[in-house]
Every structure is written in C-alpha cells, then in structure tokens.
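Reading through the structure tokens given below for one structure.
As written, the chain order gives the labels A, B, C, D and E, with residue 1 at the start of each chain.
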Amino acid sequence: MILGIVEGTVVSDQNSFDIPGGRYLLINKCNQAGKLKNEFLVALDLVSAGKDEMVMIAESTSARETPTTKNKAVDAVIVGIIDKIDENDKVVYTK
Amino acid sequence: MILGIVEGTVVSDQNSFDIPGGRYLLINKCNQAGKLKNEFLVALDLVSAGKDEMVMIAESTSARETPTTKNKAVDAVIVGIIDKIDENDKVVYTK
Amino acid sequence: MILGIVEGTVVSDQNSFDIPGGRYLLINKCNQAGKLKNEFLVALDLVSAGKDEMVMIAESTSARETPTTKNKAVDAVIVGIIDKIDENDKVVYTK
Amino acid sequence: MILGIVEGTVVSDQNSFDIPGGRYLLINKCNQAGKLKNEFLVALDLVSAGKDEMVMIAESTSARETPTTKNKAVDAVIVGIIDKIDENDKVVYTK
Amino acid sequence: MILGIVEGTVVSDQNSFDIPGGRYLLINKCNQAGKLKNEFLVALDLVSAGKDEMVMIAESTSARETPTTKNKAVDAVIVGIIDKIDENDKVVYTK
C-alpha cells in the first residue's frame, strides 16, 4: 500500500460506478513522515477519511475486493487512516 | 484513478474486443487543475465523454469490471466525467 | 491500452503457455503519431498483426481475458490493429 | 517479487481490512545485496518478519491470493524471509 | 512479457508459498539482444531455466494463472526460455 494525504474532493456526477454515497478524494502521495510528493491520484474513500489525514491506499485490482467495490472499475481505494508510523525505532508520524 | 483530457479518437476495425458501439479515445493525462502532461493512452469510453472533457480513468484489471467489459482484454476505461475538483478548499477545476 | 509497432518475432519452444499457434511478437512502443520510443516488450498476438503495423496492447491481468489466454500467465496481448488516430481534429496516423 | 528490508511498523486502527492480528510493516526496498534504495512501501506481514530482515514482497493483485488476504483490498504482502542470495556463483546476501 | 537473464538463486525457507520444488531465481532484466539493464527481480521458475539463459517473465496477477501458482501470492513467473529473437528481419539473439 502507498501513503498519501487527503487534499480535496473530486465530483463526477456522470460516472459508471453507481456507488451510493461513494466519495472520491484527491490524494497527494507522501512519505512515511508525511512529506508531500506532489504526485496526485483520485481514490474512492471507504473509511471516511478527513482532509489532511494520512491514509493508506491500495491500488490495482486489489481496490475492488470489498463489498462496496466488488465488480466496479475502481483502481484506487483508501483502506486505512494512519495513526502512527515508526521507522528504525523512532516515531516519524503520529495523527 | 488518474485524470486526463479527451483529445481524439482511435479507430481499430480489426480487434479482439467485439464490443458493439465501443469507442476508443485518445487521452492526454493531466493534473487536478487540467494541466496537460503530454503522456497519452488509449481508453475505452463507458460514459460518452466528449472532446476536451476531463475524465477519470481506471487502469489495470479493474478496467474490465463492468457489464460491457467483462472478460475482455481491456486495461483502461473512462469511468467518469469530472465536474469539479477542489484542493485545499479552493476549486481548481470546473467543467 | 498502449500503442506500439510490430518489429519482430520471439521464439520460445520451451514455455508454459501451451497455446497452439501462439505467436510472440517484439513490440516497440510508439506515440499516437507512430513515433518509436525504443521501449520494447513481448506480446502474444491475437489479431494476426503484421510487421510494421501499429497495434493496441493490453497489459496486466487484462491480457488473459480472452478464450485463447484464459488461465495462462500472459501479461501482454495485442488486441487490435490501428487503422486511424485523430488528435485535436487532425489525423495523426493512418494505416 | 521485489526485495526489501523491514524498517518499522505502521499503525492504522481505522481500516477496511478486518484482519485479526494483521501487521503492517514499513519496507525500504533494497537490491539483491541488501543495499537500501530509500523507496518505501507498506506491506502486510504474513511470515512474522522481524526488523532489519530482508524479505520478498508480492505486489499487485497477487497480494490477496492467500487464505488471510482473500477478498481484501491488499496490494502488497510479505511472502518470504530471505536466507541467502547468490549472483553469478557468489553469495551476495546471507541472513 | 519482459525479458531477462538468469543470474542467480534466492533461498527463502520461511515463506507463504508452499510450492514443492519451487525455485526462485534472480533475474537481471535485458533488452531483445540480451544487453543487461541491471534491474533485478525475483521470479518463480516454471520452465527449469538455467543460469545465463534468456527468459520471458510474466508479471502482475498473470503470474498466478498456472496449475502450480494458482491461488499463491506470486507476482513474477518465468514462463519461457528464449530460443531466438529477430528484429527488423535480423536475428538479434540466439540461445
């Protein structure tokens, strides 16, 4: 999974997903300390992530292996909100 | 999902898809504000996207998880037309 | 899907595919106007593409979603021969 | 599969995986001799890998083809702990 | 499929594959003439490839579509040993 920060929302009324309540968020990829990479993608939100939260994103086909996304053409899903990351025994990120 | 602008059409009479009415569009990838990256791909259109519209594209296997593309060797599908994107509480794109 | 030009053939008698008549072609990726990128891959041919023809290639798992490739470890398949591409209302490639 | 060194842990209480005991590790990709690339990813641990061990990671959809990850949106899984690598008849890494 | 040269072996006793007799080989990617790229990956061997042989590798999910790898988290498999490649009517590689 890759890490990213929620920076905004994407509105698409005319789409092929048909997911009631589905939210598409604009994600800026980041490193394990939260440093932004300014590489963006659009991901479906499954965990009610909020703005500026660090999240884990599953890409590729894996993105549709949930009850919500089953048999949908989704290739990026937010699968977790990050609470804490430690690297070499030092905490490098906390929510 | 990635973002792109519809820039043209691709005609391929001799293909293995057998999708009646299937349209293949030439997409120029763009950022969330619509700035073109001049990186191109060919995607199957599922939402009747028009020229110069910004669209969301699902890549990889996810692209065949729709009634139309089921069991077809499609790896890029236009899944939504973008109406609006906001980033850090500012609208950076509107249709 | 990506675009490429057929530049040669790859012979592999000892393989795990067991696809009667399967042909493996050497593909040079190209842009929408046919300009070569000199990035190469090997793809299974499903449409009897000929040398120097521009083709569409589906990569990733999508490549095995055809009667021929079902349940085979194929990750790149030629799915169409390109007849014409237009970009911003100009024809940039014809067969 | 790619190679990496376990450098830390990632805590995400609010996630969509629902894998009891699932551990998410911070991986620094490395070459076959253990040289770090400083390219990081988050992977689910299936083999009880410890800090500083070199591991093999399966990415993409393949990551959910285990009893634990079946039908979960996981796209990176640690599938093996590396004991030894030889390259051109020289041992370049041992645990 | 991509091309590579077999350069060594990878030993991992503690793994989640449970493939009797499964061999993991260290592959150095190469071009169609056998020129090494010094980009390495670990692949499961299905065709009894030997050291210094040029092989075709299927990546991504496609890698588990064989009787041996079915439902295993394998994302790179050696699917064929290359005998000959011709490019623009010249033989650029022979075994």
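Going forward, a contact is a pair of C-beta atoms (placed from the backbone, for glycine too) under 8 Å apart; a residue touches a chain by one contact, two chains touch by 3 or more.
This is a predicted model, so every value here is computed, not measured.
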Rotation, 0 to 180 degrees and nearest 5, that superposes chain A on copy chain C via CA atoms = 145
Inquiry  = Same or different interface residues for chain A and chain D, judged by whether over half of the residue numbers are used by both?
reply    = different
Query = Between chain B and chain E, what is the gap in Å from one C-alpha centre to the other?
reply = 33
Inquiry  = Averaging over Cα atoms per chain, report the distance between chain C and chain E in Å.
reply    = 20
Remark   = By the touch definition above, chain A meets two or more other chains at residues 59-61, 63-64
Ask   = Which residues of chain A touch chain B in the complex?
value = 7-17, 24, 26, 40-43, 59-61, 63-64, 71-76
Task = Using the touch definition up top, name the residues of chain D that touch chain E in the complex.
result = 1-3, 31-32, 46-47, 56, 58-66, 69, 77, 79-89, 92
